[in-house]
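In the two complexes below, chain A is the common chain; its partner is chain B in one and chain C in the other.
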Partner chain A sequence: MLRMLRVEFMKMQWPLVGLVVLLGPLIAVVLGLNPGAGAGAEAWKLAYGFATVRYAWLFYPLLAGVLAALVCRPEHMGGGWKQLLALPVSRSTVYGAKFFVLVGLLAVANLVFGAVFIVAEMAVGLSAADIPWSEMGPSLLGGWIAVLPLAAVQLWVSSRWKSFGAALALNVCLTLPAIFAAQSHEIGPWYPWAQPVLAMSGLGPSSAKGMALGLSMTTLWVVIGGGLAVALIGGLVTFARADVRQ
Partner chain B sequence: MNELVVRTTGLTKRYGKRAVVDRLDLHVERGQIYGFLGLNGAGKTTTIRMLMGLIHPSSGSVELFGRPVPAERMAVMRRVGALVESPSYYAHLSGRENLRVIATLLDLPEKRIDEVLAIVRLTADAGRRAGDYSLGMKQRLGIAAALLGSPELVVLDEPTNGLDPAGIHEIRDLIRSMPREHGITVLVSSHLLAEIDQMATSVGVIHSGRLLFQGPIDDLRARSRGHVRIEVDRPDVALPLAGGLPLVAAEAGALVLDSLVPGDAARLVSALVGGGVAVYRVEERKRTLEEIFLELTGEGAVA
Partner chain C sequence: MSSVDATRVAASTRGATARGLLVADWRRMRGTWLFPLTVLGPVGVTLLGVILFLLRGEYMLKPFLSGEKSGFMVVTEQLGMIHVFAIGLGAALLASMIVDLEHRSETWKAMFSLPVSRAGTYVVKFVWCAVLLAASSALMTLGYSSLVVWQRLGAVPWADLATLGALVWIASLPLLALQLFISTALHNQALPLTVGILAPIFGMSMSDLAPWTPWTLMTQALAYATGGLAAGAQTESLTGFGPAQVCTVAVGTTIVLVLCGTLALARREIR
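After this line comes the complex of A and B, so read on.
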């Protein structure tokens, strides 16, 4: 497994992946920047609420799809699957390594988001002394955990579909309704693409937005845990059984 | 019989109702260069993918080194190197980095990468992006990847596809040297008979998913029994004079006989001349392997 991970790092198209991981959160923060937001801890929290809503609603789920596609792309492009899977490596190792790299990149993206957010808000005048670490920390962690099920779904799709565009189109189609799903108490907790915004706002300081209020966190985690298990096992079984014909 | 390195039993792959590979019993012995011959779409690649555990058979089984695949694929694949269909490569990595990916998985030293690069003569271009390689260089990179783990069995699917004559020659020499210099058993597929003819010691002919012939290439050649054709001015007069000989046909202006022993040929010609028949030409026609191949596949198409 360690060797497989090393190999995944060797194969990655780093310039492209790096650009995506840096640029995604950056754009989200810049679009969500709330100028003229006064000062102090409350201003930080308010600004963070604005930023997470944009980021966790749209950019983070999209990022999961793009990165899943990028993780599989080297194999699809040059007939890598048939060479890789003819080697003495198990298919679950191959798939597992890709999932690890994917969730690792998503963790990095969240850290980048946090860092860019802090820098940006300081640039518009907020004080470093008031950074709401205790709220941002759990929020960033929660968002990452909440993105795992949909990362697993996207890896499932990307490992099967050769077309980068098709996997991405599906991702966009499923991400956009998250805006509505997250507002619904019935659908919200069940919709994978709505989980990041629910988790980030629910655990974080943006309770003022009221997004996750009234929802049991336990339910959310059970849905996330269950969704992750289903998507990961489903993807793995599909991958292990598939005929490699490309 | 030598140890069977590859053995399939009733190997079948169906897509819908169509059997792409149909009850194949493939036997490759250690030390052979086994030429797997068939037209495009005959089922060669599907068979090879099943050997590698990439495709699951609909029925039948595969054994490599006597071990079942895919059940014991992990243990067996360490001993197998493969180039399946078009060469695989990561376009954004250099040739050397491509090999390093595989070497890392197989836990091989960097030195081994240098060795295989030298074998396929890519050392000078090892630092270039594989995406910028010519088709021939990609093909050689694929062969280098197949050789990397010092395998006992190398499976090469159409390794000379798309190469220029010089490249074909080079690859052919390389394949021929494998059993001799490295003790490697080779399974090489091609749709070109001439190519198999020039390197294989054994041959399997596949057509529409069925194995039509399998055995030493000399046995395939032995099928090419010659015909003797005697051009004469009056076949009708000549015909009775050839009584007792294995006559195949009397066509316009010629007698066609199954192969003749020299004595029979001399007696027949002398009888013809004595009987007043003008003999214009006596020729022996051997069927080429090409014709045998066409005949085999023709039979296959009818069956």
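After this line comes the complex of A and C, so read on.
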């Protein structure tokens, strides 16, 4: 498995991956630095709220799709699937390695987002003493966990569809309704593509009991846990049984 | 392609007439995802509107029933932003797909060894994408009007809907020109598509980007056409371009970007 991961790392188109993983979060932060409401801990929280909305509402779910397509691209391009699967590695190992790389990159994107946010806000004058670590930690972790099912869905389709555009088009179609879903209290907790922003920005249900990582326990287990299990198992079964022609 | 077709294409492009180039590209586009995508975008947005009305219709209709908002405002308030995203992402997808035909089958070389103008070829591809986007915009307008009729929101506001469709379409042309430029210059479509899908997000909602960039201009058009009521758009970040400004900026930027793309293709060495 470790060697498989190393192989995946070698195949990656690092310039492009680096571009989206580093530059994307950077732009999301820089596009609106200071909401202009004083100083201190409150200003940090306000700025963080705005930054997460900009970052996690559409960008982060779409990033999952882009990265999933990029992870599968080397195999689609040169007829690599057949070569790879002809080696003595199990299909589930191949799929698992791709999934690990994918979620690893998504974690890096979130960490970059957090780091850039702190640096940029300090650069515009917020004090380092007031950094809301206790809010940002669970938020960054929650956003990453919430994006896992979406990543699994995208890996499912990206591993089977040759076309980069088709996988991304599906990703966009599923992500855009999150604009509405995240605003609605009835639909919001149930729509998987709205969970990253709900988890990160504190837009979710406001009652304090039975909550974890900014989401209700039901959402966390049923929508995210269940969604991840279904998408991951579905993707794995599809991949294991697929008739690989090239 | 049959040999008869091939001779006809060759004959029609021999003089590299504009019509010949247009027809040749039409033939190449047939059977690709370009046409289905043009239709699916507006259908998807309209369906999303239907779902919205079914799920939270009462909430959305309340301001209309109390006379606060017109039927036009009710249907565009939520869907307008999605409309802009769909057209913007559509521009990226169409631009990539129309040149991917040549990239993948390596036809650039075959094509340009014939007496075909490179500039003409590029401009024709831009024109086709623009036409497809216009068709999408027209269908989007029909989608809105069907929602108005279905929800009994009064007479269909054709003039407002046409302004919205046309203005957003014009504002999308710089983005289309930019995407076609990148997609033509690069063989690997991963970068153009990635940029085309991720970049508009930062322009279309809540950003400090200047209002004239290809990514923000469409939001300006939407804000004007819907009277500033765009879901997800912070009104204070919009400096309020009027239709004349949107059109001037759009046409100016488009001409510059299409010229850049044409020059890049004309001077490129094709292996």
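Following the convention adopted for this analysis, the second predicted complex is superposed on the first by the 225 of 246 C-alpha atoms of A that agree within 3 Å, B and C clash if a C-alpha of one lies under 4 Å from a C-alpha of the other, contacts with A are read in each partner's own complex, and residues count from 1 in each chain.
Here is the rule we use: contacts are C-beta pairs under 8 Å (C-beta built on N, C-alpha and C of every residue); 3 or more make two chains touch, one makes a residue touch a chain.
All of these numbers come straight from a predicted model, not from anything done at the bench.
Once the two complexes are overlaid through chain A, chain B and chain C fit side by side, free of any clash as defined at the top of the document. Legend: residue contacts after superposition of the two complexes on their common chain; A:Leu62 is shown touching chain C, with no touch to chain B.
By the touch criterion stated above, A:Gln13 is placed in contact with chain B and with chain C alike. In the overlay built on the shared chain, the residue A:His185 is in contact with neither chain B nor chain C.
For chain A, the partner touching the most residues, choosing from chain B and chain C, is C.
Once the two complexes are laid over each other on the shared chain, residue contacts for A:Pro88 go to chain B alone; chain C is not touched. Legend: residue contacts after superposition of the two complexes on their common chain; A:Met4 is shown touching chain B, with no touch to chain C.
When the two structures are aligned on the shared chain, A:Gly80 is found in touch with chain B, with no touch to chain C. Using CA centres, the angle subtended at chain A by chain B and chain C is 80 degrees, rounded to a multiple of 10. Across the superposed structures, the minimum distance from chain B to chain C, using CA atoms, reads 11 Å. On chain A, the patch touched by chain B and the patch touched by chain C overlap at residues 13.
If you check the complex, the residues on chain C that touch chain A are 33, 37, 44, 48, 51-52, 55-56, 78, 81-82, 85-86, 89, 93, 96-97, 100, 189-191, 193-194, 197-198, 201-202, 205-209, 231-232. Residue ranges of chain B in contact with chain A, taken from their complex: 49, 52-56, 73-78, 80, 82, 84-93, 97, 100-102, 104-107, 130-131, 145.
Residues 13, 16, 19-20, 24, 27-28, 31-33, 50, 53-54, 57-59, 62-63, 66, 69-70, 73, 164-166, 168-169, 171-173, 176-177, 179-180, 184, 186-187 of chain A are the ones touching chain C in the complex. Those residues of chain A lying in contact with chain B across their complex are 3-4, 6-7, 10-11, 13, 74, 77-80, 82-90, 241, 243-245.
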